[in-house]
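First comes the structure, then the notes that go with it.
So that you can tell them apart, the chains are marked A, B, C and D in the order they are listed, and the count of residues begins at 1 in each.
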Amino acid sequence: MIREWMKVVNHQQIAFQTYLLELQGEISTLVERPGQFVHVQVSDQFFLRRPVSIADVSPVKGTITLLYKVMGEGTEALTKKAVGDKVDIVGPGGNGFPVEQEKGEEALLIGGGIGIPPLYYLGKQLVANGINVKSVLGYRSKAELFYVEEFNALGEVQITTNDGSVGEKGFVTDALPHLESIDAYYTCGPSIMLKNVKEKLDGVPGYISIEERMGCGIGACFACVLETSESCDKGYVRVCSDGPVFRPGEVIL
Amino acid sequence: MIREWMKVVNHQQIAFQTYLLELQGEISTLVERPGQFVHVQVSDQFFLRRPVSIADVSPVKGTITLLYKVMGEGTEALTKKAVGDKVDIVGPGGNGFPVEQEKGEEALLIGGGIGIPPLYYLGKQLVANGINVKSVLGYRSKAELFYVEEFNALGEVQITTNDGSVGEKGFVTDALPHLESIDAYYTCGPSIMLKNVKEKLDGVPGYISIEERMGCGIGACFACVLETSESCDKGYVRVCSDGPVFRPGEVIL
Amino acid sequence: MTEISVRLPGLDLKNPVMPASGCFGFGKEFSQFYDLSELGAIIIKAATGAKRFGNQTPRVAETASGMLNAIGLQNPGVDGIIEHELPFLHPYNTPIIANVAGSTLEEYAEVANKLSNGSVQALELNISCPNVKEGGVQFGTDPELAYEVTQEVKKQTDLPVYVKLSPNVTDIVSLAKAVEQAGADGLSMINTLTGMRIDPRSRKPIIANQTGGLSGPAIKPIAIRMIHQVYKEVNIPIIGMGGIETADDIIEYLLAGANAVAIGSANFKNPNICKELIEQLPDALEKYGFTSVQEAVGGAHD
Amino acid sequence: MTEISVRLPGLDLKNPVMPASGCFGFGKEFSQFYDLSELGAIIIKAATGAKRFGNQTPRVAETASGMLNAIGLQNPGVDGIIEHELPFLHPYNTPIIANVAGSTLEEYAEVANKLSNGSVQALELNISCPNVKEGGVQFGTDPELAYEVTQEVKKQTDLPVYVKLSPNVTDIVSLAKAVEQAGADGLSMINTLTGMRIDPRSRKPIIANQTGGLSGPAIKPIAIRMIHQVYKEVNIPIIGMGGIETADDIIEYLLAGANAVAIGSANFKNPNICKELIEQLPDALEKYGFTSVQEAVGGAHD
C-alpha cells in the first residue's frame, strides 16, 4: 500500500449522480484482488479520506477505475476534479474477493446500487478464469442504471429496480436465479440487502463485501471493527484490512 | 458596502512576490475615495477575510485593481486564482484619503512596500484635481519595485531601497524633498515607517493609512481598534470603519 | 407551510435565528446589508457598568476552521449603550437581547438594573467571557458563584434572563442546573473556548492578550455535545451557538436540544449569513421531514 | 547542523516526533509506509487488563478540521499486547511508550506492572479517555484521583511515567500539579475534547456511543493554550499533541512549552506524516533561527 497523487485521465457522469473516475498511477500495479479499495482524500477541506472500491484495473493504461455515487459533501466535491488534476490516494487497501473457483463452475454476482462497482472487476477475473458468471443488479430506478452493458458482456444479467421502471420491480433477492446451479455467490450493497442475501442463500458458499465508516483505512485505528460470529479468537475483524470481503458465517451483519 | 463574487479579469506577477489582481463587479461603482479597501475571502479554507487596498478603479471596465504581496498562507493561496474565477469580496470598506487640497498645491505621497498601492489611486485623483504630486517610494530591493512607471506619470518620484540596489539606499524618511514646498502629505506603509514619517513631518498637514488585524472589517467586532491620542470622546477608533486613514494627531502609533 | 416562529420566555421570535453577542456590534453596520427586522432577535455586544477600552491589539487570530478573539469587553458602558446605541435599533421590528457583563456582583446588578428600563426585551447574562483578567469567567466556572450572580440579576429585573455558559468547564451540567435553580429563564450555550496561537517568527502569542476565545465550526461538536447533555437535565430553553454556518447546522442544534440559535463569527465571513439562513431554514426543515422548528427541538434524544 | 535529538526522563529520542496513542495501532500497518526506526518514539494503542472489544460502530465522524472517535479502548489486553504485538516492534531502533488505561486503580496498577517487564521504555498513563463509560476520564478530571492513580502506578514500575491529561477540565494546571506531586516524570497533553455530531437525516448522533473525542487542527489552539499555562507551573517535561500537521505546528508546540510532540489523527490523512515532519523539522527550526529543538522549548514565555 502506498500514498500517491494519481492523475485523473477520465471523469464522466454515467448515471443519475453516478460518476466514473479513472486514475493513473503506480497504485494500479499494486492491486492484488478484485474487491480492494482506495482511500481518497477529496481535498484539504475534508479531514477524513473516503473509501471507494476499485471497479476496474487497466494494466495497459496503468489506471484504476472508480465508480462512485454522490452521497454527501465529499463525493459531491469529488465531482469537481478535472482531467489532468492530481488526487491524493492511499491504496490499494483491504483483502478483496478470492478468485479461486474451478473452471466451468457457476458464479453469481449480486450487487445493489453503489455496491455494484467492485463486482465488475471481480466478474472480469472470474470469466478470465473460465467461470460462468451470472449477475443480479439492483438499482433504485432506470435513471440510476450503470455498467449494464459491461456486465452483459460477462454473462447473463438480471436487473431489478425499486420502482419497476426497468427490469423486475423489487429487490435483488426477488430475482435470484435457480440456486441449484450456483457454486458460489459474491455480493456487495446496502447492509439490509447483504443480510437478506445471506439468509436467502444460506448453504451456498459466498463472499460478502461490507461497508463501515473508516478512520485510517489501513487497520491501525480500530474504527471499522465488526464483531465476528464464530469463536474467532480475536472476536473482531477490521473491515479495512481484514475485509472488506468476509465469508457470510464469519461476521454478524 | 456589499458582498459580491467579483470576476478576475487580470492577474499577473509584477515584482518579487507581488501581484496585480483586477476584479470586475459592482463594488467598482461604489468606491468613494482612494484609500478604501476590500475584504477578500481567499477560499473556504480560511476563516478570516484579508483586507487589501484598492489601488485603482476603472469606471470604464467596471473594475478595481489590487496590488498585493505574498505574506503568508492567505495571499499565497490568492495567487492561484485564474482569470475568469470568481472571488468573494466584501467592500468597499473604510474611509479613505480626503481629496480636498486646493488646485495648484503640492502633495507628497510617501509609500513603503505594500503600503504603496492605495497611494496610486489617490495620486491619480489628486492630479485630476490639479494638485502637484511628488512621491517617495521605499522598497526592500530592486526586485521588489512595482508601479514606478505609473507614479512617474503622476509627477516626480524618488525611490529608496533598503539595500541601495536602486535609488537612494535607506528609508523613505532619508529621501524626503524640501518640506517647505509641501502643503500636505499622505502616507501608507509599515508602522515603524509611519511613526518616523509622522515625527519628521511634524507640523505639515498629513494623512496616515494604518494596518491592523481585522475580524469583521465593517466596524462591528472591535478587533481593529486604536487608542486615540487626543481627548476624543470615544477614546478609540476602528481602523476598518473609522479609518484606515487618520490624521497624524488623531491616533497613537 | 413550515412554521419557524418560536416562543421563548419573554420573547416571541418570528424565527429562531439571531446574531450572537459581540459579532454584530449594535446592529448598525449590518443594517447596510439587509433589513434587521428579518432577524429573530438581536443579541448586542456586552455591556459593562463603565465604558471599557478592552485589550491591546492584535485582538484576533485565525485558526483551523475558526478564530481566536480577545476583544476584552470593549463597550461604551451601559449608559452609553442605552443612550447612543439602542435608539438606532428600536425602530426595527425585532426583539433586542442585551448581553450583561461585569467584574463584580455589583456591576452585573447595576448593568441589569439599568437595562430593565424598557430598552431591551431580554438579558443574556455573560458569565463566561474568557478575555478579561478579572470577573466574567470565574462566575461561569463555579456553580455557586454562577448561582449567586444569576439570583442577584433576577432580583434586579423583570426581563427574562438567559445565562450564557462557558464551555471551559469539567461539568457543564452542574453549571446549567445551578443557574436554573437560581431562576434563569433560559440558557445560552456556548461561549468561546480559551485558546492560543503562537507566531513562530515573533515567538510570541499572536493575540496581545496571549489567550483568546476560540469560535467557529471548530467548536461546533463541543457545543452540540454540551447542549445534548444539558437538555436532558434542565427544564429551561436553550439558545444554541458555536460554529453555525449552514441551515443543516441549525437543524443539528435543534435536534441536540436548542430552541433557537445564534450566529457568531460566521457574520464576519458572510455579512448576509443570518438573513440567508433564515431564508433557507424552512426548506431545510422540510427536507428532513419537520413541519416546524419546535418539532425538531430535542429530536436526537430517545 | 540543527540538533533535533531530545532527552526526556528515561528516553533518549533521536528526534521529538512520535505517533500518538491510538492513531498508530501497534505500528505494523505503518511499517509498510516507512522504516519505523526513523521515529523519535512510538506510543502504542491503550492497554487494559483484559481484552476489550470497545464501542459499537460507527466509531468515527468527520468534523470541521477534525474528527470524532469513540473506539472505546478496544485492545487485546496487556498480556496479548506483550505477547503478540510488541515483539514486532522490538527489532526497530526506537523506544516504545505504552499507553496504560483502566477502569479501576487496580487495573491501572496491573497493566503498569505487567508492562514493566522490559518490553517498553516508558508508560503513558491515560487518565483521559472520554470514550468509556466508567473509569478513565474521572481519574483525569479530579486532581485527587489523578494524584492517587499516578502514585499507585509509580509504585508498580521503574519506568518513567508520562501522565496524559484531559482537556475537558476547568483547571488544567491543578491537574498537572497534582500528578507532578504524585511523581509523574512528564506530561502528555492533550487527549481529545468530548464532542458530538448529529445526523439530521437519522436524527441521531452519528457515533454509536453518542459522544466521541474531538481531535485534529480544530483543537490545536486549546492544546497550545493549556501547554502554555502548564509549562509555567510545573518542572516536568511535556509531550505536546493535538492537530499537528506541519513542521510549523511542531515549532508552535515547542515555543508553548512542549519538549516533544505526538502526531495523532494526521496519520490517517497522510500515513507518511511522521516521517515527513521529521525530515522537515531541521529546516523549519533553522528558518526561525533555532539551532536545536531544545532552544525552542518554552520560547514563547518571557
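Here is the rule we use: a residue touches a chain if its C-beta (ideal position, glycine included) is under 8 Å from a C-beta of that chain, and two chains touch if they have at least 3 such contacts.
Please read these numbers as outputs of a predicted model, since none were measured by experiment.
A.B. asks: Give me the step distance from chain A to chain D, shortest route via touching chains only.
C.D. replies: 1
A.B. asks: Would you mind naming the chains that touch chain B and likewise touch chain D?
C.D. replies: Touching chain B and chain D alike, sorted by label: A, C.
A.B. asks: What chain is the most remote from chain D, judged by the mean position of CA atoms in each chain?
C.D. replies: B
A.B. asks: Just the number, please: Cα centre separation of chain B and chain C in whole Å.
C.D. replies: Their C-alpha centroids are separated by 36 Å.
A.B. asks: Could you give the separation in Å between the centres of chain A and chain C, each centre being the mean of its C-alpha atoms?
C.D. replies: Measuring from centre to centre gives 47 Å for this pair.
A.B. asks: For chain C and chain D, let me know how many angstrom lie between their CA-based centres, rounded off.
C.D. replies: Centre separation, chain C to chain D: 34 Å.
A.B. asks: Report the inter-centroid distance (CA atoms only) between chain A and chain B in whole Å.
C.D. replies: Measuring from centre to centre gives 57 Å for this pair.
A.B. asks: What residues in chain C touch two or more of the other chains?
C.D. replies: In chain C, the residues touching two or more other chains are 63-66, 216.
A.B. asks: When you check chain A against every other chain, which residues touch at least two of them?
C.D. replies: Answer for chain A, listing residues that touch two or more other chains: there are none.
A.B. asks: How are the chains arranged in terms of who touches whom: line, ring, star, complete or other?
C.D. replies: Ring.
A.B. asks: Please list each pair of chains that are touching.
C.D. replies: A-B, A-D, B-C, C-D
A.B. asks: Quick one: which bits of chain A touch chain B in the complex? Just the residue numbers, please.
C.D. replies: It comes out as residues 44-45.
A.B. asks: Of all residues in chain D, which touch chain C in the complex?
C.D. replies: The contact residues of chain D facing chain C are 63-66, 68, 141, 168-171, 193-198, 200-201, 203-205, 210-211, 214, 216-222, 224-225, 228, 243, 248, 251-252, 255-256, 284, 288, 299-300.
A.B. asks: Would you tell me which residues of chain D are touching chain A in their complex?
C.D. replies: Those residues of chain D that touch chain A are 22-25, 28-30, 32-33, 45, 51, 53-54, 57-67, 69, 71, 74, 76, 216, 265, 267-272.
A.B. asks: Going by the contact rule at the top, pick out the chain A residues touching chain D in the complex.
C.D. replies: Per the touch definition, chain A meets chain D at residues 1-3, 41, 46-49, 90, 212-227, 234-236, 241.
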